[in-house]
Amino acid sequence: MHSYTLTISCPDRVGIVAAVSSFVAQHGGFIVEASYHTDQESQRFFIRQEIRADSLPFSVTELRARFALLAEPFKMNWQISDSAVKKRVVILVSKQDHCLNDLLHRWRSKELEVDIPCVISNHEDLRSFVEWHGIPFHYVPMQDKPVAFAEIARLFETVQGDVMVLARFMQIIPPDLCERYAERIINIHHSFLPSFAGAKPYHQAFQRGVKLIGATCHYASAELDAGPIIEQDTMRIDHGDSAEDMVRYGRDIEKTVLARGLRYHVEDRVLACGNKTIVFR
Amino acid sequence: MHSYTLTISCPDRVGIVAAVSSFVAQHGGFIVEASYHTDQESQRFFIRQEIRADSLPFSVTELRARFALLAEPFKMNWQISDSAVKKRVVILVSKQDHCLNDLLHRWRSKELEVDIPCVISNHEDLRSFVEWHGIPFHYVPMQDKPVAFAEIARLFETVQGDVMVLARFMQIIPPDLCERYAERIINIHHSFLPSFAGAKPYHQAFQRGVKLIGATCHYASAELDAGPIIEQDTMRIDHGDSAEDMVRYGRDIEKTVLARGLRYHVEDRVLACGNKTIVFR
Amino acid sequence: MHSYTLTISCPDRVGIVAAVSSFVAQHGGFIVEASYHTDQESQRFFIRQEIRADSLPFSVTELRARFALLAEPFKMNWQISDSAVKKRVVILVSKQDHCLNDLLHRWRSKELEVDIPCVISNHEDLRSFVEWHGIPFHYVPMQDKPVAFAEIARLFETVQGDVMVLARFMQIIPPDLCERYAERIINIHHSFLPSFAGAKPYHQAFQRGVKLIGATCHYASAELDAGPIIEQDTMRIDHGDSAEDMVRYGRDIEKTVLARGLRYHVEDRVLACGNKTIVFR
Amino acid sequence: MHSYTLTISCPDRVGIVAAVSSFVAQHGGFIVEASYHTDQESQRFFIRQEIRADSLPFSVTELRARFALLAEPFKMNWQISDSAVKKRVVILVSKQDHCLNDLLHRWRSKELEVDIPCVISNHEDLRSFVEWHGIPFHYVPMQDKPVAFAEIARLFETVQGDVMVLARFMQIIPPDLCERYAERIINIHHSFLPSFAGAKPYHQAFQRGVKLIGATCHYASAELDAGPIIEQDTMRIDHGDSAEDMVRYGRDIEKTVLARGLRYHVEDRVLACGNKTIVFR
């Protein structure tokens, strides 16, 4: 179904929903899904509305022009995205390919309706698998990191990427890139953050003797593993499981959590709120 | 916080949210929480809005009178409940008291903000525990079932009960009572329905060799264990667990699932839709 | 690590563990993992022991010959498998490829240490993907079912398959094949059995209004969807999810549950006990 | 069923299971449940065996005397407990009573087969509820902490307590007490440790924006919230949940996790291994 998704963040006050709903209704707009949230701390109000495109008598350009007039007095940060325009997802990967394999399957089975203009890796190992899908594969070695990240940014800009997915990329993104692409770089960390940030989280978990392990999908931010969390999950382990077993089990959580987080993002379900996220599922 | 909760079910069409939101906004009503759902099959629309009482310039009576005018052309089934008026919950119990113990604790710790005008049982065993809470306890033996259920209905009416909770009551409620109190009798069944309806579900589960057990909170209906489901949950077991172990583990799911389902109900979060429920959490 | 896995089922009595452990110890055998279970109903005892191959002074053939002497008076059903000999897994698939994609990834990343001598399908759609892995792909159309299943059995025998995996094969295996390959055909059913056996389980689940959906990995048996359950899992859904959403979410449970079930099977962790399984995780 | 539970920890080597099993078998001992584990790091071996008391021809005293001879050459740390001698559990509580309510219910319904010789609190609030159960209640105010903890230790010794349960006691146990009663003080911490140790974990979790909350049952050790973990669990929350909602939901996890951890402990299922635990479920 062709639809427009309207997302809004603005200072909370009486009458926001009424104003937005009346605007949509007066043009015959049919709301498919609607979600609202007030953040008590910041006193900000958040909206996501999905409207059937064919219920409106004008184009998305006209919709945006008209909505801008309503948005201004409410001091809204807003965005209208068009389901006919697929998001462009650039995947970065190292050697471990379980998340890549999972995302590419969701893409080729049309479960995940995005474009994947290219995959970037610091190893050649996954070229053949990626190219079998008809997706360009770019090898960017990491010997000179500033050069490498400049090249990654150039590739991302060249293909007009909307979102960069670190699908177990195992490299720390430089703070300036995190800031330039704030809430546009999605990472999967292989622990239940904030526990076990940094390297080798499953080994840290093994040493601590926890009874559950987890994974966290979050936006990359300048501070490592500390960005806004989009999605998390955990699973039970026991004393019989070695750190290697945890690594193996963990892959199943990682790929599921990343896929869910990415889906929420590309469906405009994730709204940042300070260092937290609102996820309108 | 003193609030009014508005729940609506009506045929779907353009402009419902706009009309309702504008009505609330024009009186300065501050919406604390709002949820919407369209049921595709029945083409009906469902709303739950929670409004701060002190943001409105009139009483709940006036609110109801004014809202009735708006509701009529939309053919709305609607209800406005007032958080200042606690729901009256009558608990029916047999000998097993884990759900009763759990509910009474939530009540006395004010987690569950309801009135419990009485507890009814077909055994005397739990009288002392109930009365320690200062709650009247009525013993209704089950030798003559029609007489017993007539007495239960009489007690329920006398205390002006809003909802009857079968907290492991272990007796089948007659169909006519289920119909008279449709969506007002909440049962906890000790299986993941529709699996293992009827008697001894854990023993059925043990025989079938399932790897998870569950519990289901649902509205009682004329057909046994087939009413609209409000809440469910499952937990993992393994081959080492006997049917008795399952009974023991299951108690923890039963009490949690019942408590969640009851909370949803008394907070007007559950809207029936045919034999299904919409639960606006 | 090279190891031998000993699995035993026999009538319960005093001294079984002592006899088996003493046998292993007297040859210097180093037990890596050991699990025991008594089934109360059948009064049978079950053992799984994993022994380091390099701790024993003789070959697996000699081990089997010697163990046979011990096993006889205890009336043991027993089996010793050698980790150096990989199980041969034949995968049957239709058009939906999420389970296939998942299993092939686990295979090519060496997470699942098995041989996959071929993939069989009643559609040509997945040929290219399977052949990219260097695995033979056999197209067996289903127009004439007896002919088709005879061909499937022939292929399975030709490649000396140990286990047949129905990775969303969507065809009912004839009872005689189920019996010939008892506990050697693994199916993934897309519901939490025994709920919603048969066709379109997610649509059945949607109609019933359940609050969790699930998947079940089980041995195929003559009665449809009624064989011994190996593994199950569930996930939460809500009223906002359509039957199509459930199909999508469900794929994630299906592939994980099938992969876990298959792993347990190929590691000789699953022992049948009537229509139930013991899974020594 | 009357049984003896044997737990052993010793350096790993060939023949331990054979020696122990043969010892039991030669006296006709019927093993009800047996679990084994090797800790790779410390190269230590762990055993738990539950033996039917009526299958042995002598008393537990004689069993211990005979087993001591076997244990010595293997350098075993071992213990044999008798199910006829109930563990004595002293519960410490502050004002929040959800864990206490839960534990007392399990005790009075005989789900948890222990003795509760007394409950100790730094507030008078729960006296009536505890005394209704016929359990002595001791009020120990916390104004002078050294005096208070000396009194707690005295009470614990007087009633010959086996294990002290901090059922949301909200007071930091002095390091010397933690050491004196190593692995005998069980705490419930209201977060998924190691995340959010210390005060107000739900508020920490709310600030960080995690998508799951949890609880941890662990042995108290000199370092706060850093002792060996016995059991943990998590549950899903979302952006709509306030810190107060988390506190409320969290109570359900806390009481379940504490009850499971305590059960494992009193059934001798928990063996310490450095700062980790082996839990033979």
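Note that the chains are named A, B, C and D in the order they appear, and that numbering of residues resets to 1 at the start of each chain.
Criterion: contacts are C-beta pairs under 8 Å (C-beta built on N, C-alpha and C of every residue); 3 or more make two chains touch, one makes a residue touch a chain.
From a predicted model like this one, the values you see are computed outputs, not experimental measurements.
Enquirer: When contacts are scored as defined above, which chain pair ends up with more C-beta pairs, A-D or A-B?
Expert: Between A-B and A-D, contacts are more numerous in A-D.
Enquirer: Let me check something: if the centre of a chain is the mean of its CA atoms, which chain is farthest from chain D?
Expert: Chain A.
Enquirer: Same residues or different residues where chain C meets chain D? The copies count as same if more than half of the interface numbers are shared.
Expert: Same, since over half the interface numbering is common to both chains.
Enquirer: Please identify which of A-C, A-D or B-D repeats the interface of B-C; the criterion is that more than half of the contact pairs agree.
Expert: Residue-number overlap above half with B-C among A-C, A-D or B-D: A-D.
Enquirer: Determine the centre-to-centre distance between chain A and chain B, using the mean Cα coordinates as centres, and give it in whole Å.
Expert: Their C-alpha centroids are separated by 37 Å.
Enquirer: Compute the distance, rounded to whole Å, between the mean C-alpha positions of chain A and chain D.
Expert: Distance between chain centres, rounded to whole Å: 41 Å.
Enquirer: For chain A, give me the residues that contact two or more of the other chains.
Expert: 33, 240, 281
Enquirer: Which positions of chain A touch chain D when the two form their complex?
Expert: Within the complex, chain A touches chain D at residues 37, 39-40, 192-196, 208-212, 214, 228-234, 238-240, 242, 273, 275-279, 281.
Enquirer: Could you please specify the touching residues of chain D with respect to chain C in the complex?
Expert: Residues of chain D touching chain C: 14-15, 17-19, 21-22, 24-26, 28-34, 36, 38, 55, 236.
Enquirer: Enumerate the contact residues on chain D facing chain B in the complex.
Expert: Where chain D meets chain B, its residues are 33, 97-98, 101-102, 105, 109, 111, 129, 132, 240, 248, 251-252, 256, 259, 281.
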